[in-house]
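The two complexes that follow have chain A in common; it is paired with chain B in the first and with chain C in the second.
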Partner chain A sequence: MTNLTSSPGTEALPVVKETKSAGRKPEAKREVKAFTGLAHIALFAWALVTAGPLIWVLLASFKSNTEIFLGKPFALPEHFSLDTYFDAWGEAHIGRYFLNSVIVVLISTAGTMLFGSMAAYVLARYKFFGNRFIYYLFVSGLAFPTFMALAPLFYILKNMGLLGTYTGLVLVYIAYSLPFTVFFLAAFFKTLPYEIEEAATVDGASHTRKFFQIMMPMAKSGLVSITIFNIVGQWNQYLLPVVIMTGPGAESKYLLTQGIANISTSAGYHAEWSTLFAALTLSILPMIVVYAIFQRQIQAGLTAGAVK
Partner chain B sequence: MSVVERPATRHAAPPPARPTAKKRKSDKTPWLLAIPALVLLAGLLGYPLIRMVILSFQNMRLRELFSGRTPPWVGFDNYTRVLSDGVFWAVTGRTVAFTIVSVLISVLLGLAIALLMRRVTRGVRLFMVVAMMFVWALPQLVAAQIFRWMTDSDFGVVNYLLDKIPGVDYANHSWFVNPWQGWAVITTLVVWAGIPFLAITLNAGLTQVPKELLEAATMDGATPWQSLRNIILPILKPLVTIVTTLSVIWNFGLFTQAWVLRDGHPEPSFQTLTTYSYTQAFGQSRYSLGSAIAVITVILMLGVMVFYIRQMFKIGEVE
Partner chain C sequence: MRRGKYPFIIGFLIVPVALYCTFVVAAYLQTFQLSLSSWSGLGPIEYVGFDNFTKLWHDELFWKSIRHNIFLLVLLPIVTIILAMVFAFLLNVGGGHRGGTTRGVWGSKVYRVIFFFPQLLALAIVAVIFGRVFGPDKSGMLNGLFPESWKPWLFLADERYAMLCILIVLIWQAVGFYVVLFSAGMGSIPAEIYEAAALDGATRITLFFRITIPLLWNTVQVAWVYLGIAAFDAFALVNIMTVDRGGPNGASSVLSLMIYRNAFEFSQAGYASALGVVLFFLTLTFAALTLRVTRRDSVEA
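Up next, the complex of A and B:
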């Protein structure tokens, strides 16, 4: 994450030479000890507020319908069983929607990263006519809220026959993720050293090869940060699939967020609310996986300044 | 994809702006690399925006949508209709007020938490980051569902907990009868969901503040407040500008939260510009009116934000 953010700030800072300067000074630690105690308490309280709702959902997802309405929200469920999860996965079709979402997000994140990093590399590293203009085009995409283009987007996809298809959805996801991706990656590529690239040019590497074999590995930490950001952002989408995944037979192609919305809107007080909570819990699972995969990079990025 | 190579020694750089930068303009590969992104952006973001502006000058109804005929041109009719509508201005005022309040609270809290995180041990910090990752990773829709349930008048946890306080009767209290309370819930949700991104980003930015600088300041007798104001904040300023700008853009476009908390039918007092535009366009099939509202929204936002967005552009161009 450091890289995601450090790059725009580098302008003002001597970051490059700063790596081993942050040695621990005991006297500085002592002065803030009293404050540190308070800080821990404040953070603990805040962690409770942050995690509280999540814990509540997790508890409710194991309870039966009647238990949820008993009025003891923080009581442990009477017996742990995964029945609600099986209900959600099978009967409410959450399983299918879940896989739909995974596929769409995998493809569109991969596409976003590929196209976004290529464009960012070119914009950051090459001077050519129209460079600034294109860069501003990308960044101004950042300033437009999603909903602004919804009506015409619907219309365009309809004309192209892409309404209610994953192709359409993936392309739209990529297009909507590009401005942010290009904005941050361009700033990031600019901070990378030029010498290695020059050496590669001397040795006769093509532009394409330089990009994939030299720049990409060097930019790894920045790429990881933005990848996580895009996975999270695209997994969270609700409005776009609602607009795009319509039409005959669209129900089987719903994404997870749509499926969840479906459970809660089609159901009144008599319905299986526990199923909803199980579905809600399931929707967080992939993010745990993503976190586990990228854990080392995230930690390295986040603690870099403190530990080095 | 291999291209005929030109040795680096040949870079006859046109303007010597940056001596290390390579300038090979005669080559087409750079363009090729950027083209897929450009095509997608132009086709799915640029073109819809232009269509939307065009649409706002027409009168598109269901009939034209299905028949595919060009809707009649109506000039500025949609705009005059929207701008002379009191409801629109009420919605605008509400959206602006919500944006200011929610962004202020989130950025201040996010900064406070980021600063606190610098003070705690590595283990605690890691725990914080993990907890925040989960909240950040929660789809807006899911977060909104959770809050809808927590504030449910009959079975919500919030009423349950408030009712435990002696002398407070919150059993069966409905949070959305009074717009102020309803907006408090929505703001809490947005702030709760928004803080992780802000805190994680700002915390990462804080790792870039040179420690010697802070130590030197402390030696010279600077209070923590002085170090914050004169050292940390100036260094953090570009980052704060970026995250504030992004938060304004995101919160101004508030949709899902209000939509879900009001069950897909926001009452007039819970409409924001986004939901208003959406209900006009898709709910009432007044596509052109909805487009006009959206265009006005963006113009309003860009008008207010122009300074910050320019700032953000500049920061992005690390030279």
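Up next, the complex of A and C:
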């Protein structure tokens, strides 16, 4: 844990002896043991590298500024008090930023899923003129980096009077989440069987009803994966809020990522590092709790995009 | 049977398509349009032909930023994929075999959970954390860990190391995700293949290079594309973490930051759009190159 740059054990893979085929049994056993030992060292080292900075943030959030400047980053704080946390929650408005983020992400993910699955369903299962064109229009959005269009996006929102509003932010989140959502769900809807749908048609179900009552429940696993993907992606968004949540009075509407960055800048001016660390801890802790509960679903949801 | 098909199709498509066209398609198209203008963001738009691109050609910061993006584009995928591959292999096959099956090392589930966690953190939050980890005095985590007698390292404030710090942070965050991704891939490799090879006396190293890597090649390519896209971004890191945002002296400037600052701080919407167009073609080139490499490899395999 002395140096973050050390890449534990990558190149130091054991060059075990492959010679001496005579008496391979004990050799092989020793090889496995040595290998397992080195594997543990490498894995443990990376676990430390991963968790170290986070543990350090937690410890430092309880320390006074003088303690922080003493060095000894992993020493326990002299006394535990929650004052820094009250500062972060109240004065630094972490509570408000957090709530803002929750509201925006709830609405925009719900919107993304509704509109994304509607579009994906129609594009995947209905033949009509222009189907391919609209599909490729959506999918081509995957190839463009978001920040390429920053300036025009800003002025589009400005002309619509949506700058600095959650409405604008939510609409933009939905629009920029659509390409991947449509791409993923269209592929998913295509794999669903046609027989049940046909039976429903014979029974006189309308198209809309078939979608909500038959296709959506059947597509549940895909929908869950992509919902998690969108929640995490939108929760972590920084560029779009920075561009859109500007203008007078925008500071009270900041989202968490923006707020933290803002606190970090002002902490530099006032040298209130412990408040910053408390704010960081407050924004990381809920993620850990959610992760602990939904660990399996989250890993599946986030990697689903790459496996496709 | 298909009664009411068209009203239904239109009803389902109209909102998503309208949203997408207003905020995404229109914005991308206008980027190309504005790149040929000297628009500041206010007043009438004046077209100046390719002036912005000539200006770009002579802009020293632009070339610096491109170099930094390419630095990330080359090193981020390579280092991340190698680290993730090795860890995934150790987790899945590191435990030796008992009763004919190869097992993961003890505690592999716990490792996987810990490794993956940084992926859930916003890059903005990671940037704030590492801004302090790399703090240039004793309050920084790394300088705090160094022996008392050492002079504090400047890290981000040193022109030579600023980009390296950014690379390290990106790797720190990305590795866990790809460990999980590769683990899933390795899980789908039939155990019989490993067993057969192990019976023939193959060592772990041989297994890794001769079986795991070739069979995972598709996943590796996906990883390459994803990491390449991440390398073109890095905006949050550079904007929040670095000294003077992109400094010192432009030593950590990247294209995304240049676009942002030109558009919103220097009132150069036209110039920012020209940068956007360049970025678009760079991404396209990257995608085409990746596809090219993909095709060749799949023939070889």
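We take it that the second predicted complex is superposed on the first by the 237 of 308 C-alpha atoms of A that agree within 3 Å, B and C clash if a C-alpha of one lies under 4 Å from a C-alpha of the other, contacts with A are read in each partner's own complex, and residues count from 1 in each chain.
Basically, contacts are C-beta pairs under 8 Å (C-beta built on N, C-alpha and C of every residue); 3 or more make two chains touch, one makes a residue touch a chain.
Worth saying up front: this structure is predicted, and the values here are computed from it rather than measured.
By the touch criterion stated above, A:F183 is placed in contact with chain B alone, chain C being left untouched. Applying the stated contact rule after C-alpha superposition, one finds that A:T191 touches chain B and leaves chain C untouched.
In the superposition on chain A, A:Y136 contacts chain B only, with no contact to chain C. Of the two partner chains placed around the shared chain by superposition, neither chain B nor chain C is touched by A:M113. After overlaying the two complexes on the shared chain, residue contacts for A:I226 are found with neither chain B nor chain C. Contacts of A:V104 after superposition: neither chain B nor chain C is touched. Once the two complexes are laid over each other on the shared chain, residue contacts for A:Y126 go to chain B and to chain C alike.
Of the two partner chains placed by the overlay, neither chain B nor chain C lies in contact with A:A88. In the superposition on chain A, the residues of chain A touched by chain B in one structure and by chain C in the other are 1-2, 4-5, 7, 9-10, 13, 15, 18, 21, 31-32, 35-36, 39-40, 42-43, 46-47, 49-51, 53-54, 56-57, 60, 68-69, 71, 73-74, 115-116, 118-119, 121-123, 126, 128, 134, 137-138, 141, 143-145, 147-153, 155-156, 171-172, 174-176, 178-179, 182, 201, 206-208, 211, 232, 235-239, 256-257, 260-261, 264, 276, 280, 283-284, 287-288, 291, 298-299, 302-303, 306-307.
Remark: chain C residues 1, 4-6, 8-9, 11-13, 15-17, 19-20, 22-28, 30-31, 34, 41, 79, 82-83, 86-87, 90-91, 94-97, 105-107, 111-125, 127-133, 137-139, 141-145, 148, 164, 168, 172, 175-177, 180-181, 184, 201, 203-205, 219, 222-223, 226, 229, 232-233, 235-236, 239-240, 256, 259-260, 263-264, 269, 272-273, 276-277, 279-280, 283-284, 287 touch chain A in the complex. Interface of chain A with chain C (complex): residues 1-5, 7, 9-10, 13, 15-16, 18, 21, 24, 31-33, 35-36, 39-40, 42-43, 46-47, 49-54, 56-57, 60, 68-74, 115-116, 118-119, 121-123, 126, 128, 134, 137-138, 141, 143-145, 147-156, 171-172, 174-176, 178-179, 182, 201, 206-208, 211, 232, 235-239, 242-243, 246, 256-258, 260-261, 263-264, 273, 276-277, 280, 283-284, 287-288, 291, 295, 298-299, 302-303, 306-307.
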